Each structure stands twice: as structure tokens, then as C-alpha cells.
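Next come two complexes built around chain A: one with chain B, the other with chain C.
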Partner chain A sequence: MLFLLIRRGLRQHLVSTAVAVLLVALGMGLVVSVFVVRAEAEQSFTRSASGFDAVLGARGSKLQLVLNGLFHQEASPGNITAEDYQQVKALPMVDRAIPIVVGDNFRGVRLVGVSDDFFQNLEYAPDHVYTVEPGGRPFQVGQKEAVVGSLAAHQLGWSIGTTFHPFHGLDYNPEAQHSEIFTVVGVLAPTNSPADRVIWVPLEGVQKLGGHDPAAFTDLSAVLIRFKPGAKAAGFMLDTRYNRQGKRLTLAWPVASILADLFAKFSWFESALQALAYMVAVVAGASVFSAVYSSMSARKRDLAILRALGAHRGFLIAAVLGESAGIGLLGCVLGFGLYAAIASTVQEILRTRIGVLLEPWAWNPVLVWGPLLMLGLSVLAGALPAWRAYRLSVAEGLSPLS
Partner chain B sequence: MDPTPALIIRDLLKSYPAPSGGRTEVLRIPHFELQAGQQAAIRGESGLGKTTLMHIIAGILEADSGSVAVGGAELTGLSEARRDRFRAERLGYVFQTFNLLQGLSALENVMLGLAFGKGADREAAMAALDRVGLAGKAGHLPRQLSTGQQQRVAVARALANRPCLILADEPTGNLDAARGRKIIQLLRDSASALGSALLVASHDPEVLGSFDQVIDLADLNQVARHEEEV
Partner chain C sequence: MIRSRTAITFLAALAVLAIAGGGWVLVRAKIRSGAVAGSANDPVKPHENRPPHGGTAVVLGDEDFQVELVRDPAAGTLRAYILDGEMESFVRIATRAFDLQVERDGRRETLTFRPVADLATGETVGDTSLFEARADWLKRADHFKGVIKSLAIHDQTFRAVAFAFPEGNGKP
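For the complex of A and B:
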């Protein structure tokens, strides 16, 4: 009977109930989104380091090196020589060293020149290696061939056999088209990493394009480095060698800590979003209070009737708190829906623009405490109306007297 | 017939705080009895304390002093929770304004009459609705029923727990004469069928005329008598 009364009570004041439910949903959706998207974004960025431990590049910002080398964002801080690459590749603690060259695009999609090592059993995540979709093959060194990332292929509508003229520079300029023609020979199997959103070509495919400086034909933009398993001191050794003792090159290592610094730069924005989410949560609590309070006031007579029929005061408290908890519960269910919508929008934006894949339903404590917070606020909002119901005078509630 | 009286009132005193300070007595009843299965009406104009008396008998209000026993059970001195329980299990109450919950169907309103005592029992509630001729309207909301039908639902609710005493406070106050007569007849027949005592408070001459025993509250209540004398 208690649940029936709660259900009917909520239905009787449908408009105020619906507004309160929506606000609770908004509060919960925002609180959960702010916390999960923040944490997941950092983790997915770290996951998307494509299996590399460090990036070696020209002297400059470590963050710029990581963004350029691993996330295909920003410009390269400068070039390094082929000798630098050979030296680092020869170091005993280095497992893989993959040189890359950037500087051209096709309608805004970046061309990345890479050595053919890229397709030789290179892991981008544990037990996952870069492969070309069936029907295609890796490019051949020295040929004007390309392997296109899965997202870029989808975006450009390319398939095997498509030919294209690259454009000079990282930003699309229709006036700066190269005369060389490249042919797509393969599509990279999806990796859910930034590798999906670029066009992979042989190193010299970028180095020796018409208009590029012949003196820099062998220069590289960066070298992506993976250390040998167990070579724990490798990072420290190379850090000392390149960053502290050397003055010409920069080793961006450890990648996770550099990305953490990037996120730390936006912590003020995160705090502002959190404050906003909490404010919405408080407003949602106030709306639950308003809905339950006005519902209780409008149904004072109903509550008095219940008492006259033998309901004890505790039953009235349970009925009123049940209504506020019901609003909170419905709001939380809807809030998860809202969160799913927000997360999938952010996920799509990050996937298409940066190439990192957000996992919105990966474990995060806010997925538990967020709904509990809203439920708690809702129940708290029902406390005063419940207290008024508890203190209700049956005789007055049933008036007029005869 | 159960020899235990359905209602015994002794030396009942009830007062309210007066606006000017102190207290104003509204009820002073030395003695009143209603036998098991007996049916009686209490006559009294508005403001004489009929509802206060009914509420005290129902355990909704507490008397200042005196004793009220319903079906042999002493109500005075019981905790509020136990009075609530007693009311749910042993009493039926019909109000002037029907007092149905607008969000619940006729059947659910009748089930409420059982919910806090013996427990919500759909079959027993349906049987009570059937007794008042509204089995076919079980799913209707109060607003979908006529005023007469609403009061019949209220009667069914009061009968659902098979009470030893049915209280009806101006049960025809919101009905036209024809519907009022039907409700009173329904109450009387139902109370007889269940063996319940019936006490109806009213100032309607037609209602009062249908009872063999009519008690004038002005005679019963010494406060009212004193005021009349003054």
C-alpha cells in the first residue's frame, strides 16, 4: 500500500514531479560526466600512447613532442637527423625505434611518413599489433603508396586503389597541392588510437615531396621509442643523456607524466565544471524539496485521512520520504541516460578529432557515489515535508468540524 | 448478540485552549452507552461538538479526562500508536466529505480501510464494494463517480474491516435528500448485517427521523446544556 500511495502521489503532481526528476537527472548526469570524462580522458590519452615509452625530437617542449609524435596534433618543434635516429636505435635498452616525418596533409588529414618497421609486429597495445585490413598490404619503401587509418578512410571515403595528391603543410591550403600522386594500398585495421586518423606513407614519401628542402631529405620529425621489457633504468639514462647533458635534442619521457601535466593545466576548468555540477545538484535538491513540500501541502487532507484510517505517523514519514526518494531514483535512472548521451558525444568528438577512445562505463567511484549523492540530496529534501506530515493534526486536517 | 457494550463513555471532559488564555470546555459527558449492534443518532447543530465527540470515540483526539471504551477495550490511556491500530482494526468511520483519496481507485480506497489493521486484502475490499453495490466501479477514480457513489465507497471502506462500531459524522451532509436516504439505509442495513453498532451524528431531520433512538447532544453534553441555560 505504501508503494501504491507513493506512486500515485508522484503521478498526481506530475508536472512538479517531472521538473524535479529532470533536475535530479541533470545534476547527476553533470556530476558523473565531469568526473568520469575527466578521469577517462586522461586514462584514454595515456592508453593511446600507441605502445611507446618516449619520443625523441628536436630541442623544445616535451608536451609538443608527445602531441605531435603520438597524437598527431600540433606542429613538430623541429627536425632531427638520421644519425640521431641511428644512434638511439642502436642503444641496447631500446627495443623499437620508429622514425616519423610530418609536414603534409590531404584536406586536413595529416600525412605521416614512417619506416616500414611500423607494420612489422609493432604492438600498439598488449597483444595488439598494427595490421592492414584484409585485401590490402603495407606500403612499399620507395613507392608513392599509402596505408590510410580506418577513421581517415571513413572520413575521406577512401578504399584500396584510391589515388590522391597531398597538400603541403599541416593545415589544408588548396593552393599548396603537391604534384606527386599517391595510391592507397591498404587500410589500417582500427586501433582506437590516433593512428586511425592519419595517412601513413613511407618516410621518403614526405621527405622528398616536391618543394621540400633537398638538404633536409633525410631529416626526421621525431623518433618513437619503446624500451626493452625490464629495462627500467632506460628512461632515466636517456633522460640524462638527452635532456640534462645534451642541448640539441629532447626526450619526452615518461609519456604518462607529460600527459598528466597537460591535464593539470586544465584543472581550473575542471574545478569550474565541478562547481557548476554541484550547483545544479543543489538546485535539483531544492526542486525536490519544492515538489514534495507542495505535494504534501496539497495533500494534507489525504494524509489526515490516512491517519484517521489508522496509519501511524511513521507511515506518513515513509510516504513523504518515499516520494522524494522516488523522485531521486527516477532522476538517477534518467541521469544515467543523460550521462550516456554526454559521454557518447564526448567520446565521438575525441575519437574523430584526436583518435583516443573514451570508455564511459569503465569503473569509476563516481558511478556509485554520484547517484548516491543525488538520492541522498533528494531524501534530505523530503525531510522537512516529512517532519510536517509527522506533526500533522488529524482533526485539523479533516476539518471542517460539525 | 455480544453482551459487551459497543461503546461506554464515562465522565468525559474535553477542552481546547481559549484565544484569550485558559481553556474552553467543549464536551462534558457524564455517561453514554451504546449496546452491541445498537443503532442510534446524535442530534446537534454545528459547533456543538459532534465531530469532537466522534473523534474522541475514534481515538483521533484524546479526552482531557474520563473513560471511553469501545467493544470492551479502554481507549483512554492508550498510546497514540495503539489507538491508531485499534481504530484500524475495530472501528469504521464515515465522514461528511467522503474523504476518499482522489488518486486511488474505489477498490484501492476500500483497501485502505484494511491496510493499517488486518492488512490490505483485495478480496475483502471487493466484497465490501459488492455489499454497497459498486463492484462494477472498482477501478473508477472518485472523480469518475457521483457523490452518492463516492459516499457508498466511503461506507464500503468503513465496513471492510467488519468493525464492532461504525461512526458516521454527517454522512448525508453533501448529498441530496434522495441519495441521503439511500446512504442511511445502506449504513443501517450493512451495520445490521455485520452485527456492528452504528452511531450517526447529524442535524438533518430526515436522517434523525429514520432512527428509533435519537440522542440530543445538548442533553448529553453538560457544557452545551449549561450554555443553553445561560
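For the complex of A and C:
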């Protein structure tokens, strides 16, 4: 009986109910999206540090070093020497030190020169090492060969045997084509990290391209560093040496903290979105109120008849609150759909442009409190009409309309 | 009849709630972003008077500078880092050498600290914050009394600075 009454109430004012449901869905979708996308983006970026603890590069911004070395964004702040690489590699607390060189591209896809250590049991995540897909092989040092990241291979339509001329610079300039020809010998197995977005070539492949300064043939853009397990003080020691005592190089460490700072810089934007989402949520609450209020007003006579037939006041309250809760519930279901659409769009943008993979359905408390908030707001919006229904007298409800 | 004034009041209350909530979120964001702005790239400022290598701090003058002494028993060396008074920054000096008078087990020794060049830090002899002294007895001696006879840092010269190793010279 109660359910039928609620359903009838919702259907009787279908337009205002639909508008209220849509607004609740919008509010919930926005609240959940803002919280989950922000949290997941930060975690995805941290996960995408490719298993490295620090980046050593020329004196400059730590963030620029991390973005350039690990995310293949931004330009390198400068070069370091091969001796710097040898010195850091020889330190007892350093497990792996991978030198990289950047400065060339193929139609906007970055070429990254790297040592062949890269393909030797290097973990980018626990129990996951960089490997070349079956049929291919890692490049040979000294050869004009390339291993292309899975996303870059898809984007460029490349496969094993494809040849290409690199272009000078990090931005594509058709007039800056190098004369050297490289051959793709492998496709990197997908890592869901920025490594998928670039073309990997031997160090010398980038260093000794025509037009590059012969005096800088051995220079490097950065060294990616992983400390030995248990070497907890390693980061502090090297931070003191390179960043505080030194004035020539910069050690970007710890990577997670640098990325957290990056996200913190944009917290004002995130909060603006949060404020917007909350406002939409409150407007959604107002629309639920409006829908239930007008529904109750229109059915005041029906409710009075119910009271006359012996319905308890609590029954009327339950009917009105059930109507607002029904709107909230439908809105939440639709809101999850909206969130899925927003999250998958953001996921695709981050994957293709930066190479990090968002996990929108990973556990986040907002996935529970977001719908509960909207449901609570909807029920709250029905409180006043419910109170009116509670106080409705049979005589007033049955009095002639004119 | 349900009065429309009540409904308008309710809607107005919701609007005020929305604006107040939004404003609160923005103010919180402003405070939060202000607190962390620039922290990724700023030099490390620990604001702690702790020797950066966990060594022995020897205060020079009225906390004008400090010398951090770090013993490496395996190598038989004693490294001296020249730091500012708060031990936040390393201070590079042109000094070519300085002596440390050591008293241990009733014997007197002299350690001569010489400048160390380091490719990693860009320090060179004549422009370094790191000095090193070497002696076989440093492999075993973990306690001694010392006096820095004379150390010139920029335009100041510090003389007869006494301390105990590894306690330091008792100043914070």
C-alpha cells in the first residue's frame, strides 16, 4: 500500500520528479567524481613513478626533473655528465641507476635514449618487469634500433620492422628531421605507465644524432635511481649531499612527496570543483523539496481521505518521506552512471596524454558517503512536506476547493 | 493550505547553506594551498639544529658557524663539514687547512684537516665546505678531547675552540 502510494506520487508529477532525479544524479556524480578523480589521479601518478625512488639531474626544479624523467613531460632542466652517472651508480646504497637522454621526437612522440639496463630485470611495479612483446627484442647498444611503447605503437601504427627518421627537439618541427634512420625491433609490453607513450632508443642513438653538439656526446638528461631495499637513510644522505651541500646537481627525492606537492598546488581548483559539486547537491535537494512539496499539495485531498479511513499520521509521513527517498535513490543510481561516464573520460585523457592509468572503481569512501549524502539530503528535503502531511487535519483536507 | 512563505524560507535556508558550504570549502582550499605553495622546489629548511650527517656539532663563536665532525672508523678518517649557525646550509670556504689538537688517553695528537673536492657537490679545493683528516688511531678512538686551534671562515677567525668528541662543545 505504502509503496503504491509512493509510486503514484512519483508518477503523478513525472516532469518535476524527473528534473529532481536528474539534479540528484548530477550532484552525486559531481561529488563522487571530484573526490575519486583527485585521489585516484594522485595515486596513479605515484604508482607511475615506474619503480624509481629518485631522479638526479641538472640543478633546477625537482618537479621538472620528475616530470621529465619519469613522466616524459616538460623539458630537461639541463645536462649532467657521464661521470655524475658513474659516481651515483657506484654508491653502495644505489640498487639501479638508469641514465636517460631526451631531446628528439617523432611527430611529437618523444624519443628517450636509455641504457640497455632498462630491459634487464628492471621492475616498474612489484613483480612486473619491463619486457618486449613476443616477436620483438630489446635494441642493441650502438645500433639505430628502437623499442616503441605500446601506446605510442598504437598511436603511430608502428610494428616490428617499421623505420623512421627522428626529428630534433621535443616538439615536432617538420623541418628539423634528422637524416639517421631507426628501425623498430620491439614493442614494449603494456605497463600502464608513461613508458608506454615514448620511443626507447639506445643512449648513443640520441646523443650522437647529426646536429647534436659533439662536445656533449656523453652528456645525459637525468639518472633514474632506485635505492637498495632497506637503505632507508639513502634518500636523506643523497638529498643532503646533492641538494644542501651541492650546488651543481639536483636530486628529486622523494618522488611521492614532490608529486603530492604538485597536487597540493592545484588544491584551490579541486576545492572550487568541490564547492560547485556541493552547491549542485544542495540545489538538487531544493528540487526534491519542490517536487515533493507540490506533489503533497496536489494530493492533500487524497491524504485527508486516507486519514478519514483510519490511516495513521505516521503512514502519511512515511509516504511523503518515501517519495523524497525514492527520488534520491533513483538519482543515486543515475549518478553512478554519470560518474562512470566522467571517470572513463578522464581515464582516457590521462592514459593517452600522460600515460597514467586511473582506477575509478578502486575503493574510496566517497563511493559510499556520496550516495548517502544525496539520499540524506533528499530525505531532509522531504521533511517539511512530511511535517505538513503529519499536521494535516481531515477537515482542512476535505474542505471544498472553492 | 500550506503557506508558500514557509516554502520560500526553506528554499532560502538551503541557498544560504549552499553558499556558506561553498565558501567554507574555498577558504579551506586557500589556507591549504597557501601552506604548501612552493614546497616542492624550495631548498630543504628543516629548522632543526641537528647535524645533517648525525655527527658531532662544534659551535663556533656565538653560533656564528658550526663544524660537524663525522668519524669513519673503517677508513680512519674524520670529516669536518662547515655549516652556518643553524646547521641548515653548508658554508664553502677558501681555507687550505686547519689543525685540531687532540688529547686522548693522556697523549696529544694533531690532526690536520685538508679541503676535499667533490664532483657531486661541485666543491673544489679553495671552495669547499668539506675537510678531512686521516689517522690510524681514528679507527679505534671513539672518545677524545679536541681544540680547533684556528679556523678562518670568511672574515671571521675562530681560535682555541674546545670540545669533547662525540659530545660536542655543550652548546645547543
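Throughout what follows, the second predicted complex is superposed on the first by the 398 of 402 C-alpha atoms of A that agree within 3 Å, B and C clash if a C-alpha of one lies under 4 Å from a C-alpha of the other, contacts with A are read in each partner's own complex, and residues count from 1 in each chain.
Quick note on the criterion: contacts are C-beta pairs under 8 Å (C-beta built on N, C-alpha and C of every residue); 3 or more make two chains touch, one makes a residue touch a chain.
Since we're looking at a predicted model, the values are computed, not measured.
Contacts of A:312 after superposition on the shared chain: chain B is touched, whereas chain C is not.
When both complexes are overlaid on chain A, the residue A:301 reaches chain B alone and has no touch with chain C. For chain A, the partner touching the most residues, choosing from chain B and chain C, is C. In the superposed pair of complexes, A:349 makes contact with neither chain B nor chain C.
By the touch criterion stated above, A:384 is placed in contact with chain C alone, chain B being left untouched. Of the two partner chains placed around the shared chain by superposition, neither chain B nor chain C is touched by A:341.
In the superposition on chain A, A:394 makes contact with chain B only, while chain C stays out of contact range. Within the superposed three-chain model, A:243 lies in touch with chain C and out of touch with chain B [touch as defined at top]. Residues of chain A that lie in the contact sets of both chain B and chain C are absent, per the superposition on chain A. Chain contact summary for the complex, chain C toward chain A: residues 1-2, 6-7, 10-11, 14-15, 17-19, 21-23, 25-26, 28-30, 32-33, 36-37, 39-41, 43-44, 52-53, 81, 88-90, 118-123, 129-130.
Chain contact summary for the complex, chain A toward chain B: residues 1, 4-5, 8-9, 11-12, 301-302, 305-313, 315, 394-395, 398, 401-402.
Listing the residues of chain B that touch chain A in their complex gives 44, 46-47, 50-52, 55, 58, 60-61, 80-81, 84-89, 93, 95-96, 99-104, 108, 111-113, 115-117, 120, 157, 169-170, 173, 201, 203. Across the complex, chain A meets chain C through its residues 61-63, 83-84, 87-88, 237, 239-249, 257-258, 261-262, 264-265, 267-268, 270-272, 274-276, 278-279, 282-283, 285-286, 289-290, 293, 296-297, 300, 381, 384, 388, 396.
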